Structures are given as C-alpha cells and as structure tokens.
C-alpha cells in the first residue's frame, strides 16, 4: 500500500468497519469517507465490497473533483455526494452514509425529527432536517452530485450551521452525517439512529408529545459544546 | 457423500446455514434450495431438521417432478413449491422460504409492501406483491404445489417479471424469494425483511407516507441493475 | 447429587438454561419444571436463583401435592401452578413460565392472540387464550394454586384441548406453556413469543387483518400434527 | 490505587460495566455511583470516558457536597444529582442514570408508566412517576443539583416512598434508579426499561388496557417484599 495515503486509508477503513459493528448497515448499504485537508484528497469505501472482505488498501483516494488519485477499485457510488460536502464545508473531516432502520424510516416518512429530549439536545439544538426528495431533472442528471447540492440547499434555506447540525435525512433515501473526522461521522450516524428510534417511540406513546423547551435545549447543548462546557475530560 | 452432487449439496447447505445466521428463521421455520440446471435436479433442506445438527450430506436431491434422486431424508414439506418455480422459471438458481418476523406480518396483514424508499428501489421497481390466500379447494388439494401455482398466477395477473421482482409474500403465510443462485435467494430474503421493517416503521411515523416517485425508483434501480449500472466492482 | 433424580434434575436444568438462552427471561423472571410420571414427582427451578450460578443439583423435587421430596432450596414461587397442571393433565411432561416481552404485553392487554397466519396454525388451530385476571378472593387465597385452577377453568369454559393448545396467557401476568417434556414446554414458550410478536405487528400494519381461514388452519395443523402428517423425519 | 477506596471504586466500576453489558447505554450516555455511608463519600464514573477504556481506578470519590476526595478525573456531569439523593435519602447505597430507549421515550412523552401487570408489581405498587420538566430558572441555575431537587419534590408531592419506588423518569430527559447498592440500582434500571417496553406494547395492542387491579398489585409486591415474602432463597 502506498505509504503516502496509508494513515488516511486506515482511518477510513476503521470507520467503515465501525459502521458495520454498530449495526448501522447490512451488506454494502453504507459508506464512510475521511479527508486529508493538507493533501486535498479523501479516502472512501470501494463500491459494493462486503465488510467481511474489506481491507485498508481497498480504500480509494480521490480529489475534490472526483478524480481517482490512488487505488484500483471503483469508489462508492455515493462518492460525489461526499466530495461536494468536502468542497463546500471546509471544517468537516469525515462523512458517513447509512441505510439504518429508524433513520431511513423517518426519511421515508418525509418528516424532520423533532427535538423531544436531552439525548437529542446533547448533540444539536435543532430538529434533524429531512431534505425533500429532489426534482426530477436533478435526479435524472448527476444524481449523487445533486444530492450534495440538495443537502447544502436545505441547510441554506433553513439557515442551519453544518458545524452544529452534523446530520441530515434525504427524503425517501436515508441519512448522511459528518464531523471533524470519519470516526465522528460514524458516531453521529449512531446518535442519529438512536434519536430517531426514541422520537418514533415517543410519538407512539404520546402523539402530542411537546418539543423540548428552549431552556433545556440550550442547557444540554451548552454543557457539552458551549464555551463553559463541563462534560468530558 | 456421492461426489456427483457434492458441490450442489454444499451450496444448498451453506445457504440454509446463512438463513439461520441472518436471524431470518427460528427452529426449522425455513428452507433453501439450489438447482443444477445441467443435471436438472435441485438440492433442498430435509424436513424438520434443526440447523445445529444439519450437515451438507443431509441435503436431499430431487428432479423437477419431485422424485428423490439422492439422499436418505425426507425433503422439506415445501419442496413442491420450490420445484414448481424451478420448472417454470428457467433463469432462477435458488429459492428461499422463511417465517421472518416483518415479512410474515405484512403477509398476515394481506398487504403489498409499497416502495417507500431507495433501499427498496435499489432492488426492485415494484411494490412487493402479496398473493392472496388460496381458494379452499387448492388448499385441500396438493397444497405446496398449488402454492407455486399461486405465485405464478400472481405474477401473471400483475404482469410482473420474476427476473426483476425476486420475492413475494403469500397471504397469511410468509415470504418466498429467489435469485440466480441459493445465496442470492437468501440475500433477497434478508433485503425483503429489511424493507418490510422499514415500510412498517414508515407507516407508523406517517400513515400518509407517499410512494417513492418514479424518477427516483428508476434512478436507483438502474444504477445497480441498468445497462449503464455503476454500482459495485 | 442423589442418583435417584439425577436425570430428571438434568432435564429440568437444561430446559431452564435454554429458556434463558432463547432470550425469554431476564434475571429470574421464569421457571421450567419436568415431571417423572413413574415416580410421580417433578423437578423445578429454585426460587430467585440467577441462571449464571444455577446448577443441576439445585433443582427441587416435589410430589404433586407440593411436598419437597429432594433438594435443599426453596422451589419456585410458582410451583403450585405447575403441580396443579401435572395433577390434572396426565399427558403433559413439562411446564414453562416466562415474562417474555410480547407474550406479557398481550396478557396485559387482556386479549386473546388471534390466529393470523400459518406460523400460528403450524402449532395450534385456536386463538391463544388469555384467561381473565382472577377474582379478588382467589388472589388473596392460595394464589399460585388458584392460578392453576384459573388455567383449567379457562380451558373448560372454552372447550379447549390442552393436548392441542399447549399455551395460555394469564391476564395481567404472562404466559404458561407445556408439552410432552420440559424441552417442548420451552419450545412452545418460544413459539408463543414469536406468534405474539407477529400478531402485534400484523395489527399495526392492518388493524382489520382477518383471522386465518379455516381450510388453511386445518391444512397447516394437520400437515404437522394430523394422522397423515408429512412434516419432519 | 489508594487502598482506602479500593473496594468502593471496584463496586462502582463493576456496576458501570454491567449497565453497559445490559444494553442500557451507548457510548457514555449513563453513569452509576456507589456510596460508602461510613466514610460519607461516594464513587462515580468519570465524565465522558468510554466503557472500553474504563478502569476501576478511574472512579472519582466525592463527599456529599461534591468535593473531590480522591481521583484524578472529572466526575460525571450528573454528579450533583447523585449527591443530592445520597444526602437526602440515607437508606440508599447506589444510583444509576441511563438514556435507555424505552425509559427515555416515556420520559419524552411526559407520561407516568401505568402498572399494567405483575412484572411491574413484582417491584413496586405505584405507577412509575414522570417528574415534569423543570422551570426555566432551575434549568439555568445549578441544573444537576436542581434535577435532584426535582426528583425529591416529585416524591413529596405524590407521597411516594423512595424505599419502595426506586426509580423515576425526569420529563424530556430520562430515568434515574437507585437501591441498597450500586448493583441494585443497575438492576432497577433494567427492570424499568423492561417494564417501559411492556407498557408501550400493551398500549399498542389495547389503548384501553386497564390498570392492574389492587389485589393483584398487593399480592405480587408482598410475595417478594412483604413481611411474609416467600420469593427467593
């Protein structure tokens, strides 16, 4: 394996394997990428390769314009969505996509996930946005690239900050999550799936469950992420 | 073990064990078969034998008219459904039947599974059909053979292509799935179960969830199965 | 360990451990007994002993009048329910009680489990009965003995055959299951839990799901249990 | 590790690991503490440390006024809730907090968990209380300390005995449980999660499911906890 991209490929490989270990994917229904901002490239899972046979050297290295820089395999079919996020959001270091059960179900229901509790507010202050399905011409065009555009448009329209809201649902498709690195993108995918299941159950128990009140959203988010955060070591 | 059918029995055995490993069956509530088109025979799980004690040599070899060609055990009670599919659909190489939780629940609810998202459309463009329960005289007759007829009738009436729609629910009973080989039939059983759970949750979250729009169905199916498919290696 | 009851204790121990391995109990929320009809005694799990530390020699041996014949521990608090069934139903060889999730939920909902599909009909032709909660004076009296009476009364009133219907729900409490031996009682507990979950999901997908039609109930039950049964080896 | 607190730290560590093994927490979403009444200190999990790397010596020792007595790490962010319970309820020896799925969902739904069955009544005779979300000024003040006050106020208003009702839901947040020691607090967290799931399913199967009748509540609670208890060894 080319020593130049060894650590990037390993970071990407580990994150993909973790996605599988966390029960967020079956078969090949997911992919994680990791970026190297200095080299301006990212590593991504090869398309359709099962986790049992996946190796670090299988990861494909591309630049932000989707040119393969290193690797012998075809990259994930969702590659152009990842690259569009890297190109436009310079602060992010990893992206993950899954077809996890509860996240997908909210996406198929075309509903935002309301902030119902502190598990949600520990991670973000907003409802988790569900971007609408794309217009037909965007679907028929460069679909995966346009999925990236759809995500950015959704964040722009709703005035969301991708450094705070590190996850999105694509209507009828499923979730994307990101973060400072690939491991954090995987972590956010798991948090999203957990919060999605909690919100589902909450609505079954109380269809009129109220949104979490602002003071509690603020308190929980700030104690983990605010400038006076006191969570963690 | 007769060397003549050794590899066919092993393919069948592995697929049956995988069905169990995937959590699609408890006890003996399922069976997989694998066909050898050159020899015009298929291997199937013996009836009522638990997975823990199952061995490759236990697989039973039959011709398409259900005559046992090799093997000392009684074949699966569902054998005649399998053989009817092999006899009529020459392109298929494996068949799987389970009583998996969500697939069975849709079958018991006597509802087709609507295509709500891209996880579904990655595999087929149609709602997953639920064949109606059989007429009393068919049930009282050669029940398992008639189950095969019921499946074919359902596909004919709805003008479905078994090379695209590789799965069906039998009303009040459960799922059958097939594919180019036994492993693919098992894969399709797992996909069906996953899609069935997603559709169930989707309806709980939004009882008015819309069917996936045609452009998105086409896009996802074609990128995996169309002539310009770009998914996988 | 007294050699006289060694094999009975081992049968009982194995069945209790299997109950746990199948995910039907947490902590000490369940118990299985096994009868020796020749000796007119049964073995049962000791009360409140966790599965991790349970040993075959811990099983308690009692006669049908609940006198301890062998063993140093206090028997399960539900012992008198078991003995009442053994005393009155001479054909049964094992009894199991759990607080399994879906079985308990139907019991708490005070509803019979309708026969919605063939998974159910493969095992019994009737709805799974939910006996009503007991009258106050029966609860305040010899509660566990009266639970046994409640089960028998339920079967008498509904004209059910305990050799066919090998399971019952006690309203607001949970399931009891039995069979020709302790292993079969555990098997029936797992079947009940599976059928309970399927019926729950079926009603969520279609609140008006119809009961399985008689011809199909008969067909599936008879192919496994009828005099011309052709399931199994 | 200081020999003075060695056994307390080990008790606390074991209980935290058990919380994780029982599937009640993901990542760092939970914490358990254990008290030493003679020394008037308690041990608690350090904040934000994953279970895979947690060691007994990482536990932090504090007095009831939240002064760190021993340990190099920052204690759980929920520490002041624990200490408030220890200070006011002298009979308790351990406290556990989780974000377990069904417990949280009832908390987010802001509903008490009704006593629907004997699994519940085996442990307590009351509905599991859901304390309302706190007033804004309490949230903006010393939040974790005030969470402890909220729990005590809830018990006072409803005239509940914390020696019988060893669990509570905090509206929009999640569960706290306690007991005579840390292991019992973890046990109660698992019981709460189980009962929460059963109650959820019960309402799905029968939205009008009745509360368990008083005689049955009394019977089941007393046979385990009354002065003539006959459950266990």
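By letter and in written order, the chains are A, B, C and D; residue numbering begins at 1 in each of them.
By definition in this document, a contact is a pair of C-beta atoms (placed from the backbone, for glycine too) under 8 Å apart; a residue touches a chain by one contact, two chains touch by 3 or more.
What you see is a predicted model, and the numbers here were worked out from it, not measured in a lab.
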item: Required steps from chain A to chain C (each step between touching chains, minimum); value: 2
item: Set of chains whose contacts include both chain B and chain A; value: none
item: Chain A on chain D, rotation in degrees - Cα superposition, rounded to nearest 5; value: 90
item: Self-contact between copies chain C and chain D, residue sets same or different by half; value: different
item: Chain centre separation in whole Å, for chain C relative to chain B (CA means); value: 33
item: Between chain D and chain B, distance of the C-alpha-averaged centres to the nearest whole Å; value: 47
item: For chain A, residues contacting two or more additional chains; value: 204
item: Partner chain C, residues of chain B touching it in the complex; value: 26-27, 29, 46-49, 73-74, 77, 99, 101-102, 104-111, 133-134, 136, 139-140, 143, 172-174, 200, 203-204
item: Chain D - residues contacting chain C, complex; value: 116-119, 187, 190-191, 194, 197-199, 201-202, 204-206, 209-210, 212-213, 215-216, 219, 223, 230-233
